[in-house]
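In structure tokens below, several structures.
You will see chain A twice below: alongside chain B first, and alongside chain C after that.
== the complex of A and B ==
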């Protein structure tokens, strides 16, 4: 960790780098329990991606929430400003026919191939822990053009050598953690960015699989004053931090 | 013909062992009051169908009503796991028939379309293929492999709507979720409604009425029927009430069901 305390949180950092990955005019979806993607989409729309098409389980097309709901990301507040509806069924269909650009998905466990587990710890039929289930991931991960995964914990229990159960496999592009970003290259997660307050050593010690650096490895740029100002404006209640 | 029933009479239509699809999504516009009445009536061996569920599924699991749950996600999103559903599955009382939300939709579509199964995109590589009854089949035209989902035909779809008339026409405002599909897939449909309106209201805008009355068996007038979840835009989720439910000891369920109508 660096010596002086940064003027931004890990949640700010994750939200900012997630937003930077989004492109103008692309079609982007997030599902249940996705507070950081929900905020990152609005940040991206305020900066480089004003024409990004934002889809969610509510059916909203380009919803512009006045205030982000704290406990859920399927709330009717996401419908504000929407001029048409496009249901979850239609979003899956869109992805199935190859027209969904980016899906945000999470994983309770993620392995070095970017496969994820959201189903169980232990045996599937007699689980030690029954997890919520993969939601859309088993269908979306193979069909979306790219998936961006995120997880607000970075430790060897999350980033594992072997998954308890493989819920979903597919087109993972990036995996954002509180400490850095993995990029899936040649079928494996490579360390692509390290955040300014972390280090390759820290990430290596907290990851259950061997760390290999991407050829494009770099230290991520800290959130700019402009990015932080927009975050403060659109998310004054710090909903982006609820998963921490 | 009026299909108005009391809540108790409508719940009485559901038999032990039935498969029941619940509308809404997580804590949004779920038939929560209907689920509580199912718990009070001690329904047994119910198989639930839901894309993403929270309070309704968790409460029915706690009440011992569920033999199985077909769903993509059961949890309280940013508030955490579904504690009683978890316990029921981990204890072996309830089987988690995990789906991707899209395979729930595919199974319902097969039922709605009157066909035995539905091919579905994606899913390859998931171990759900091995532990659940999804099948890899050959496309008869190209020979390519595709995942097939068996039809999922609920005995009942229970949908909470904003407005219904006594004949069972139902209007949902805002997010529609997969509710209309459930009404086409199920053998019978029960609506709970925030308010009963005159049919003439719907005749002005039939395009806004997602559920035609001829599919519906029973209508229950039930203002607040989605609480403690939301019924946008009428009311938000009551987060305090949901958190207090989540903190409740399992033994307190009977009192809870007496207190919360």
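== the complex of A and C ==
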């Protein structure tokens, strides 16, 4: 743990590590309610991935919003400066035939295998709580080449031993939380990165399944001044923090 | 010379085409392009026993649940994104006042395509290993006749009436979305009758001047309703943004109701659904200052 208060927020950290995971030339998609991916994609395009093809839920291809909407990622502002429009159904086709490189997805509950629950807490037919629903996850998670999950809360209610319901199962690669990153290796989520302001002990105490370190475990590099400067430039309204 | 008929009708006439117990398809996407004017008319008339097939939904479906209008819900999502991750009544009353047919968007798209193509089923990529096939009666396992691994197949979903919000249309039902279509085209193609509400009526010449921008051609559209600001409080792409304040007003009233204080929600229905007799009365109840304040600047 650093003695000094870092000059960046958890939202900055999550956005920056998400952007670093993106590669040049890949096809990347994000769906509804996805503020951090929306900003991370633009950060990656400004740095290591200028040729990344960005597909948003609005159907924009390489849209470049003048500013990011705060409350929604389905808004027409995401269509600004788009090169073309695709039909949403084509995303499922693209993914089904194995040509979607990266999809960003989330889960209300996530288990140690990277399976997601977005459907119910409790019994399906008489749930304690009905959750929003799986949106596109059940079809995209098993068919995209890789999925990057994110969740802005890290606690044992999110990272659970057992899901109430399996909404989506599939090709999870990384799971980004406010404290670190899990990597799916040999079928299980292993702790791959811890953020500079957190610790393995903190993550262990806040995770509902046993923590095993990845062979590539390391402390993540804090956001650089360059990354923070671009973030400030592209997202001056701090939309990346709305989920916190 | 005989003259081509207009398909433009009044909101009340459009709503009359949707009886109790109908299967309705709702277009738009979460907090954008929801056909609220048509839905509010159905709310005003307290349509009952509806099966709702919807693209990812916002609070409109939650409102219909709160008013006891929904028997069965087939939608991949109900929520209001950063404003509220869940709808209060959808979250608490599922399995009690209405049934849920668990579905994800990829599967729903396949079910709609099966209907559109007129085939008995289509394979779904995905959903394998999830809880979906055992819960959704529209999904079955099938041996691949070509020798591959077993596949999940989806049956067609048939919609009686699709209701959609779009930017503009001509009097013959050629519709243009100035922005994303989402899955409106599929919902229209899977429906037996299609009603589209629009921000603006334009001339047939204007449509013909930009035919590639026509998103729903007249062959799919049975009726057009003029409803400026008709998506409010959801956003209408390239016209106005969502009304966060009004959504929060509903969410607060809904939460109070579930905690036993029914007055705020009763007040909400009175103010926004029951007292305004027409769509224009609704807009007046919301207020022009407020509506015009939902411009597109960020």
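Definition applied: the second predicted complex is superposed on the first by the 243 of 244 C-alpha atoms of A that agree within 3 Å, B and C clash if a C-alpha of one lies under 4 Å from a C-alpha of the other, contacts with A are read in each partner's own complex, and residues count from 1 in each chain.
What we mean here is this: contacts are C-beta pairs under 8 Å (C-beta built on N, C-alpha and C of every residue); 3 or more make two chains touch, one makes a residue touch a chain.
Values in this document were obtained by computation on a predicted structure and should not be read as measured data.
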| item | value |
| --- | --- |
| Side-by-side fit of chain B and chain C on chain A, or clash | clash |
| Which superposed partner A:66 touches (first chain B, second chain C, both, neither) | second |
| Which of chain B and chain C A:21 touches, first, second, both or neither | neither |
| Touching partner for A:53 - first (chain B), second (chain C), both, neither | neither |
| Partner chain(s) touched by A:75 [first = chain B, second = chain C, both, neither] | both |
| First (chain B), second (chain C), both or neither touched by A:222 | neither |
| Those residues of chain A which chain B touches in one complex and chain C touches in the other | 32-33, 35, 57-60, 70-77, 79, 85, 87-89, 92, 95-96, 115, 119, 124-127, 129-143, 165-170, 242-243 |
| Chain A-touching residues of chain B, taken from the complex the two chains share | 25-28, 51-52, 71-79, 81-82, 85-86, 89-90, 92, 96, 98-103, 105, 120-128, 131, 174-178, 181, 230, 232-233, 236-237, 239, 242 |
| Of all residues in chain A, those that touch chain C in their complex | 32-33, 35, 57-60, 66-67, 69-77, 79, 85, 87-89, 92, 95-96, 115, 119-120, 123-127, 129-143, 165-170, 237, 242-243 |
| Chain B contact footprint on chain A (complex, rising order) | 31-33, 35, 57-60, 70-77, 79, 85, 87-89, 92, 95-97, 115, 119, 124-143, 165-170, 242-243 |
| Complex interface listing, chain C residues touching chain A | 29-32, 56, 75-83, 85-86, 90-96, 100, 102, 104-107, 109-110, 113, 124-132, 135, 179-183, 185-186, 235, 237-238, 241-242, 244, 296, 298 |
